[in-house]
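When the chains are written out, they are named A, B, C and D in that same order, and each has its own residue count from 1.
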Amino acid sequence: MSEGATSMRERHEGADMEKEDVVLRVDDLQKRFGGLVATDHASFAVERGTITGLIGPNGAGKSTIFNLISGFYEPDGGRVEVNGIDVTGREPYEIADAGLIRTFQTPRKLEGMTVREAMLVGPRKQPGESFVKLFTDPEGVAAAESANLAEAQRILEEFEIDHLATQPATDISGGQMKLVELARAMLADPEILLLDEPVAGVNPTLRNDLAEQIRRLNEQGTTFCIIEHDMEFVMKLADPVVVLNQGNVLMEGPPDAVQTDERVIDAYLGGDA
Amino acid sequence: MSWLTDPVGEFTDLTRAEQGVTLFVVAFAAFLFIGLLSGGLGPSYFLFLVGLASMYALLSLGLNSQWGFTGLINFSVAAFFGIGAYGTVLLSASSSPVREALLDAGVPGVLLNPVVGLVVAIVVAGLIAVAIGIPTLRLRADYLAIASLGLAEVIRLIVLNQQDWTNGSAGVRGIPSFFVGWPVLSDFPSAMPEVVVDLVPGGSVTLSPPLIDWGLTFGQDIVLGTPFWRALLNVSLVLVFLGASYGVLRRVHRSPWGRVLRTIRADEDLARALGKDTYSFKMQSFVLGSLVMALAGVFYAHLNLYVSPGDLDPITTFYVWVAVILGGSGSNRGALFGGFVVVAIREGTRFFSDLGSIIFDVGSTEVVISLGIEGGPMRLLLIGVIIVVLMRFRPEGLLPPQRELIWPGTVDEVPEGPDVGVRDARGGTDE
Amino acid sequence: MPLLEYLANGLIFSSIIVLGSIGLSLVYSIADFANFAHGDTMTIGAYTALLTFGAIGSLGGAVLGLPFGFFVALLAGIAVAALVAVVTERVVYKPMDVGSIGMLITSIGIAFIYRAILQLRFGADFTRYDVQTLRPIEWLIPYGIRITEHDVAIVLSAAILVTGLHLLLQYTDLGRKMRAMADNPELARVSGIRTDRVKLWTWVIGAGLAGAGGVFLGLYNQLSPRMGFSLLLLIFAAVILGGIGSVYGAMLGGFLIGMINQLMPILTDYGIPIGIEYANAVAFVIMVAVLLVRPNGIMGEAT
Amino acid sequence: MSENRVLELADVDSGYGDVQVLTDLSLHVNENEIVCLIGPNGAGKSTVLKTAFGLLSPWTGSVTYHGDQIGGMAPEDIVREGIGYVPQTDNVFGSLTIDENLRMGGVARESGLDRVIGDLYDQFALLDERRKSKARTLSGGQRQVLAFARALVMEPDVLLIDEPSAGLAPNTADEVFEHVQAVNDLDTAILMVEQNAKKGLGISDRGYVLDQGTVRFEDAADGLLDNEEVSKLYLGA
């Protein structure tokens, strides 16, 4: 690391690690790709019941951190805890079992499925996902499927997209797909939901819908951690906001503090002109 | 509404592709029926064809549950077919070195029967499927194709060269009927009386010019002897296999289990993010399909009564691929249909052998394509052209899955699902 | 000293595999799919040479036991294999709207069409070029090496072709463009390279070398419509071993696979009970192992 | 003024597939100036360059070069018109030598290739020293220089540069900006997308601030640097 980077690093105060009820704790996480340090000793904690925003300029390492937390990348060092369970380096499905579900930046389309079919992939631990039970306990499978279907229908109604239920999942708009993704993730009944740019490419009306839904779900008890470039969106929704810069946590604070912080402005606009 | 009460209504409800396929099936059945009546097609041979077609349908169902459901590009179909065939015959055939060794070791001969052979074949196929799956199922799609083809060749080479187990290239003969030792069924073919069917009492009807172009005699006596009853028994067996497999696969396809497989096919990362252990699901799908293929092999051994390493030739794999792509990836009924079409091609090209040569007069030079000995290349050409034309113009196949797949009884009406096919399949990209 | 004999045979067989591997690797990197018709492109080369040689005869003199006419036939084999590949690319592959797996499956159909047409014309039986079978070179026999002048011709011709390709890649504009495209197609376009033309030339070169490999394979063994398809998996093994997309990797992979294939008897010599009949099986197992441990091959960059 | 406009985008809509990114966007580059495009992530900065260079076709509106319509032309043809493009990542051929990289930059030249490459070696000594090295052995900053040089072999009138400082340590970024200025001194106009707004504007004559696919502010570089509204755009508020 050159001198410039070091001096930048000295100005990093990091995140608030002294929280009461932590659902996700990221401790000293490191990842490099070849010569590029993507995640550089990053630490932060997400308190239960919050909507925590994760922001930072391009290349700050936000997506890498999401991939490390959710098990899609294997960290070179550090530790990830979900609900107090160490899930460092575990498979994504094990991390999901611990209660953490993530979404993707580009909506993933499910060819050959209707929207409600695509929704039904969401629930975890379905009895019908066991090959044996399909034959030993078809009534149990049917009961669970009916219940999941009703739940899917209920969530679609809450999201006001129940009219799409039987549409092909490939035929709906990108913004609607984002809503479906969020709805499906909710069916997995997560304790914490990681959203990767939930409103990228979504029109303003749907953007407000999404914000409303996230707030509502949060009030019902789901914890959120959101990467988002749309500052207006994230600053209205999130508290606290964690700022990443060069793979490290620059600071954490309430939105208005972050927005006026000199270091954050420097990180975004570039230092010393 | 049903086909019995309102056939026209049912027919108009179908998609155009479905209508075409239905008409084709009806026309083909009529063609076979006429063949049967005219004596051009012996009843035993007819049943043999039905057995063979059902066997291909079984193989196609197996591949469909790997490629169609999950997107696993498996080029080792012939190997699992061969494992099924060898699995049962090595235990039960009189010329099998393994059987001899077992008898010498004091295993009672009664135990070495085709039913035990079936069980052994299925177990061995399952174990080998796991063994092949462990290294290959983490590979990206095109590498899985090449690796599975390579490992299938390894299996073929072992069967060919371990003569002390398999008789090598000589193959295995002396295969008993599947029902040997069963009460009633064991002796059924020879015990049945010879039946003479006289469709036109007191003679026959000959249609000849000018009514049609060539003479066709209807109503000759059809003799149903021991070979016929044996063939009938075989067909019953394969129909039981096919029915059971179809029933199982249809149920699992419509289940949450099948839905996870379809999610993996469309986007494996999404399935992982939603908490599914995708490697385990891929393995289950791979093993399930391999077992169905092995079942087809077991049947084949007792149908053909001779098994050789040539049965593991990769060409069988590609026939089955054609059947699945033609029928529509992910569609069980498409796989059934595809299996039957492939046998129609296989056996249909044999008719070329009877046609002699076709002579094209191209200007001053005559191009002679002698079809008499060229059934093989014509078949290959036809298969090749079908693959290319399908991939170019209809990669989703003729009967792509049409309906939403939700566990039966949980929704009232089932809307049409979107088409899906090779076009959407991933592959070639790094994970 | 059988080892020398094995090595000599390995060199000959490697020459053929290398010629096949280069084209497969080139097409894999530029057209982005595993071309299952590549083996049958080799077969086309072999049968074109058979036809041409039958038509023109020996044309007088001979080099290394091979009449001049045979070398003309070799050129014809190269040219026709290249032509057929280019026509196929334009008529079939280019208009396709399917992913790389769809292309792979299509290429299997193409492979069947090539083979079926050859079989319709030439029958399924084995056949040979009408050149005299030679005795092993006398002065090498005391060393335990039994190879003919034809074998020497195969190795030398392959060496000339590979050297020619090397010179083309390193010192001509076309070669540099081909390497640039394999390296980074998007940047190649941005730099102003007419990528369509380079692609076409890549097909020409890859299929031409395959055609040459087919001609030599026919000389080394004999000709049959299945000859190329039977060799295809070994060629895939070579390409994967060397690293898909790397021409020099394909050369090295082809060399190693050819050598391993012919060095198999050493195993039994040392008491390991794996016979030469498993030579191909060993290559396939190595291929799968490479895919697992080092999917980018020995010449590719490690992930 | 308009007669010395090298490149102009007027009322352009553009995007990927059916996702619209740019909406009614207009901007221009005059001869010999450095223009910097800044704006928050996802504002469509890179999309502007890709649309100008033919990697994306404008849905509506026009792209003109010296007044001639080039919208919808393929990049390999636009290169021949006299526009160069330096992508943000993967902008050198790693397995080719530096010399070969430069030759690839000049495939569309009909003559004078050796002369231009010679001039470039004079200009960028670090490339001259390592002519025969593979480009993948260069450091991040050196790669950027090679990428500029590759694009300059065509002697373009305007060079489009996508985030030259991305992923570079601050000192190296400063050096790269110096090279951008040096390129500009060779009478090449530059349209540059830059994340580091302060440094980018610091070497620029003019700047545009993009937000949600359209131009929000246009001003002299100094003016934008002092504009409070700009930082609000980045961080909401």
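Rule of thumb we're sticking to: contacts are C-beta pairs under 8 Å (C-beta built on N, C-alpha and C of every residue); 3 or more make two chains touch, one makes a residue touch a chain.
All of these numbers come straight from a predicted model, not from anything done at the bench.
Shared contact partners of subunit B and subunit C do not exist in this assembly.
Between subunit B and subunit D, the least number of touch steps comes to 2. In this assembly, B is the chain whose CA centroid lies farthest from the centroid of subunit D. Rounded to whole angstrom units, the spacing between the C-alpha centres of subunit C and subunit D is 44.
The geometric centre of subunit A is 50 Å away from that of subunit C, both derived from CA atoms.
One simple way to say how far apart two chains are is to compare their mean CA positions; for subunit A and subunit D this gives 34 Å.
Multi-chain contact residues, meaning those touching two or more other chains, do not occur anywhere in subunit C.
Residue positions of subunit A in touch with at least two other chains are not found.
Among the residues of subunit B, those in touch with two or more other chains are 424. Taken as a contact graph, the chains are arranged in a single closed ring, with each chain touching exactly two others. Those chain pairs judged to touch are A-B, A-D, B-C, C-D.
Of all residues in subunit B, those touching subunit C in their complex are 73, 135-136, 138-143, 145-147, 149-151, 153-154, 157-158, 160-161, 318, 321, 325, 369, 373-374, 376-378, 380-381, 383-388, 391-392, 395, 422-429.
The part of subunit A that touches subunit D in the complex is made up of residues 1-5, 8, 36, 57-59, 174, 200-201, 229-232, 234-235, 255, 258-259, 264-265, 268-273. The part of subunit B that touches subunit A in the complex is made up of residues 248, 251-252, 255-257, 259-260, 262-263, 266-267, 269-278, 284, 288, 330, 401, 404-411, 415, 417-420, 424.
On the side of subunit C, the complex with subunit D involves touching residues 173, 176-177, 179-180, 182-184, 186-195. Considering their complex, residues 70-72, 91-93, 96-97, 101-104, 108-114, 116-117, 120-122, 124, 126-131, 134-135, 141-142, 144-146, 149, 166, 168-171, 184-185, 188 of subunit A touch subunit B.
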